[in-house]
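Naming follows writing order (A, B and C), and every chain is counted from residue 1.
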Amino acid sequence: MGQATGHLIGLSGDAQAFVRLQDVTKIFGETVAVQSVSLAIQRAEIFALLGSSGCGKSTLLRMLAGFEPVSSGQIFLDGEDITDLAPYARPVNMMFQSYALFPHMSVQANVAFGLKQEKVPSAEIHERVYEALELVQMSPFAKRRPHQLSGGQQQRVALARSLVKRPKLLLLDEPMSALDKQIRHATQIELVRLIEQLGVTCFMVTHDQEEAMTMANRVAVMTEGQIRQTGTPQEVYAYPNSRFVAGFIGSTNLFEGIISVDQPGHIMIESEDLPRAFYVDHGVSEPLGMAVSISLRPEQIRVTRVAPTQEHNWAHGMVSHLAWMGSYALYQIRLDSGKVIEASVPSQVLATSEPPGIDDEVYVSWGHDSVTVLSS
Amino acid sequence: MAKASMSTTHQPSALGRWLALGLGFAFLYLPILTLIVFSFNDSAMMTSWAGFSFRWYEALINDQALLRAAGLSFKVALMTATAAAALGTWAGYILARKGRFKGFALYVGLVSAPLVIPEVVLGLSLLLLFVEMDALFGWPGERGLFTIWVGHTTLCMAFVAVIVQSRVRDLDRSLEEAALDLGASPLKVFFVITLPLIMPAVVSGWLLAFTLSLDDVVIASFLSGPGATLLSPEIFSRVRLGVKPEVNALATVFVLGVALFVLIVNALQRRQEAN
Amino acid sequence: MMAGLWRARWSAIASIAPPYVWLVLFLLLPFFLVLKISLADLKFGIPPYTSLVSFKDEVLDLTIHLRGYILLFSDSLYIDTYLNSLKIAAITTLCCAVIGYPMAYYIVRSRPSVRHLLLLAVILPFWTSLLLRVYAWVGILRNDGVLNNMLMYIGVISAPLEIYRTDIAVYIGLVYAYLPFFILPLYANLVKMDLRLLDAAYDLGAKPWRAFLAITLPLSMPGVVAGSLLVFIPAVGEYVIPEMLGGANTLMMGRVMWNEFFTNADWPMASAVTVVMVLLLLVPLIVFQLNQQQRFEREAYR
C-alpha cells in the first residue's frame, strides 16, 4: 500500500521521466559512495555520467544494473519500481568495460545467451541473433571465439549481446576505455548512430569528458558521490555552475575578484590580476561586494602584439611557453601581475600574421560575453 | 599471466640453479626409481642385482588378498573423489565469492583445518562420532566402506577447496555478472558459466582426492570394520616388517600408471588452453 | 515484496549451507566428542568408555575422570614424546626450507615453458602413493639396502651405516614426504612478485645478493610461513613415517596415540593424548588460520 502511494506521490516535473533515480544513496561501512542522487532520464535519451575515478559513478551504474543493493532511495524504470529487483529480473542490460564475453562460447552463442534465458523459441533466437550481428556488422564472425577477435570487434559483439534483448535501459560502463585512441572517435560516432537508430534509452558512465561530450544528449558531472551539474554538453561547458565544473570540463583560466559595479544590464569585477576590471554584459544574482570566481576559456582569448582598443577585458604579459598542437597553438602567458594563463589560438588565425613567440610581449583580450561568473 | 616475467637484467647463477634443482629433484625421484628397478630383480633382497625377472609381477597377480583390497580401495577412492570434488568445489566457490557472511571466520577455519590437522586426530574424532551416533540412533551401525568414505571426503574436500578457490579468484567477476545481467539465475550462472571455466581446477581436485584416498592408511585404519580392508592399510601392515618385493611391483605399476595419466591430462589441458 | 526478501534470505543460506553443515558435523562436532571422551574412563563393552552424565534416583551425576591428563603430565614418557615430536617437526621444517626455498626460487626464475615442466615434476610425486614412496626408503636405508650396498661397493665405508630404524631415517622420510608441501605455497607467493622491483634495486646500485636479502626474501615471507606451517603442524602428529622408518625409541605423539588406541584399546587415553596434541599445536594452528583468513577475506571483498 505504502509502495503504491509513494509511487504516486513522487510526482514532479520529471514524473514522466523514463528512468528516475530518487535520493539514491549507497553506504559502504563508513564511506558514503553515493549521496542522495536524483536523476531523471528521458526515453531514448543518451545520458552520460561524467566524473573521475572514485567519484561514485560506477557504484551508481551498478545500482542501476542491480549488482549493488541500494542503501536508501528508489529507482524507477518506465513507471515500475525496480529498486529491489535482482539483475536477472530487470529489463536492463549492460555492456561491461571489459566486454565480459564468455570465452568458452562462440560469438553466436554469446549473443543468444540472453534470449535463451527468456525461453524464446530457438527459431526466433536464431533470427534475432542474426539481426543483431548484422546491425553491428559482425555476421561473418558468428562462429568465432572471443579471443580470436580484436578489441573493437569484441566491443561490437558485446553491444549486440546487450541490445538483442531489446532492454528498456542500456548501460555502458566506460565504453571506449579499452580501445586504442585512434579508433575511439569513429567508434563513438558509430555507437551513437546505432543507439539512436534503435531508439534505446542509454545511460553511460565515463571519466573521459570528450567521450561524454561527443556521445551524450545530456551530461551530469559527479564528484564525491554527488551530482554537481546536469545539462546538455553545451550548457555544462559554457555555463558551469561552479569552479569545480568549470575546471573539470575542458580547461579554463580562473580569476578571483570582487563585484565592484552591479547593474541589471552589466556588472564589473575588480581583480588584482588585471589592470582594468572585468566587464560582464549580463547581470548576476550575487550582490555587490561579493567575492566571486571568473572562468575564462582559453579559446575565448585573443593574443596580439599590439594593444587592443577596448577599455576593459584585456591584460599585458609575456609568452612563457608555446606548444603547437596542430589545429591550434597553446600559449602560456605570464601576465604583468604574475598570473599565468592559457590561450588557445587557431592555426588559421596565426597563419595570417606573424605569430608571437616565446619571450615576446603580448596583449590578451576577450569579449564582454566571454566569461562565466561563479560563486562556488 | 606473469606480467613481470623476464624483465630483469640479472639472471640467477646457473651453477646455483643446477645444484638446487638437480639435487632437489634427484632426492625426490631416486627412491621411486629404486622401487621400479628392483621390482624386476630376481632376488627378494635389494642387496644386489640377481637378474631380470617378472616373478614379482606374477606374485602380485596371484595375490588375492591384495587384489581384493585394491578393488575396495578403488571403489572408495572413486566415491571419495566425486564427493570431495562436489563439496570441495562448492566450498572453494564460497571462499572465493561469498566473503561477507557472519561466521565466515569459522568457515575458513573449518575448511582449512583438514589440511594441517594430523590424520590421527581426524581418524579418532570421526570414529568417536560414529560410535556415539550408533549408540544414540542405531546408525551407521558397523563401520566399513561408508564410514571410510565420510572420513576421506572430509579430508579431501579441503584440498579441492583450496585448488578451486584459487581458480575462481582468478576468474573475471564480470563474466558472472554479465550472465546475471542477461537474465540467468545465480544457479544457472554457476553451472553454465562458472563451472565450465573452472573445470581444469575441479578435475585437478578430483584427481588429487582420488590419490589421497587411495593412499590413506591412518583414517582407513580407524574407520574400517570387518571385511573392509583397504589397500594401503594392507600394504602398511605388510611392510612394517620389512621389504616385500611384490609391493615393489605394485608400486611400479601404480607410479607408472599415474605418471602416464597425469602427463596425458596435462597435455590435454595445455592443448585446450592454447586454443 | 516481503515474500521476495524472505525467499532471498533462505536461498542465500541454502547457497552456503551444505559444505558448512558437513564440516560442522564431521569436523567440529567430532572434536568436541574427543574432548568429552578424554574425560571419561575405560570400561569393558561397547562403547569402551564410560558416560560422563548419569541420571539415577533423581540424581544427575556428572563424573569427570582426569586419569588420562594426570598421567600425561606426570609420566616423563609422555612429556618426552611431546617434546621430541616438536623437535623432530621443527628440524624437518627447517630442512624443507633449506632444500625447498632454492628449488622454488629457481623454478620461479626459469623460462615460463620450463617452469611449467619443473612445477609438474614437483607435483608428480604428489599423485603417486606416499606410502609406497616412503616404503622405497626402507629398501634404500636398510643395512642390506641400496645405499649401503652402493657406498660399500665404491669403498667409502666398510661396514653398513645404521640408518634404518633410527631418528635419521625418520628425518629423511619426513622431509621427503613434506617437501612439496613447502615448495608449492612458496612458489605461489614468489611467482606473484614483481621482478621489476629487483630491476629498480639493481638500478640503484644493489648487488644481486643484497637485492635478494632486502627485497625477495622479505616479500616471500608469507609464502615461507604458509609452507612452514603446512609442514610443521601435520609433522608433529605423524604416524606412518616414524612407524616405518623409526626405531623403538623414536618417540612421536602420533605413534603414542595409535598405540593407546589400537594396542591398549584405551580410548579415553588416546583421546586425552589427542586433546593435548591439538592444544600444543594451538598457537601454530591459530597463526595458520589467520594467514588463511587474511588470504580469503582479502580476495573475497571487492
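Quick notes
In this section, a contact is a pair of C-beta atoms (placed from the backbone, for glycine too) under 8 Å apart; a residue touches a chain by one contact, two chains touch by 3 or more.
Quantities reported herein were computed from a predicted structural model and do not represent experimental measurements.
Interface comparison, B-C versus A-B: the pair with the greater number of contacting C-beta pairs is B-C. Comparing the centres of all chains, each the average of its CA atoms, the largest separation from subunit C belongs to A. Averaged C-alpha coordinates put the centre of subunit A at 55 Å from the centre of subunit B. Centre-to-centre separation between subunit B and subunit C, using Cα means, comes to 16 Å. Shown for subunit A are the residues that touch two or more other chains, namely 86. Here subunit C touches subunit B in the complex through residues 12, 15-16, 18-20, 22-24, 26-31, 33-34, 37, 46-47, 99-100, 102-103, 105-107, 109-112, 118, 120-122, 124-133, 135-140, 142, 144-146, 149, 176, 179-180, 188, 191, 193-196, 198-199, 202, 208, 229-230, 233-234, 236-240, 243-244, 253-254, 257-258, 261-262, 267, 270-271, 274, 277-278, 285, 288-289, 292-293, 296-297, 299-301, going by the rule given at the top. For subunit B in complex with subunit A, the residues that touch the partner chain are 172, 174-175, 177-185, 188, 193, 196-197, 275. Considering their complex, residues 65-67, 86-88, 92-94, 96-98, 100, 102-104, 113-114, 117-118, 145, 161, 165 of subunit A touch subunit B.
Those residues of subunit B that touch subunit C in the shared complex are 2, 4-12, 16-17, 19-21, 23-25, 27-32, 34-35, 38, 45-48, 87-88, 90-91, 94-101, 103-105, 107-122, 124-126, 128-129, 131-132, 135, 150-151, 154, 157, 161, 165-166, 169, 186, 207-208, 211, 214-215, 217-218, 221-222, 232, 235-236, 239-240, 242-243, 247-248, 250-251, 254-255, 258-259, 262, 266.
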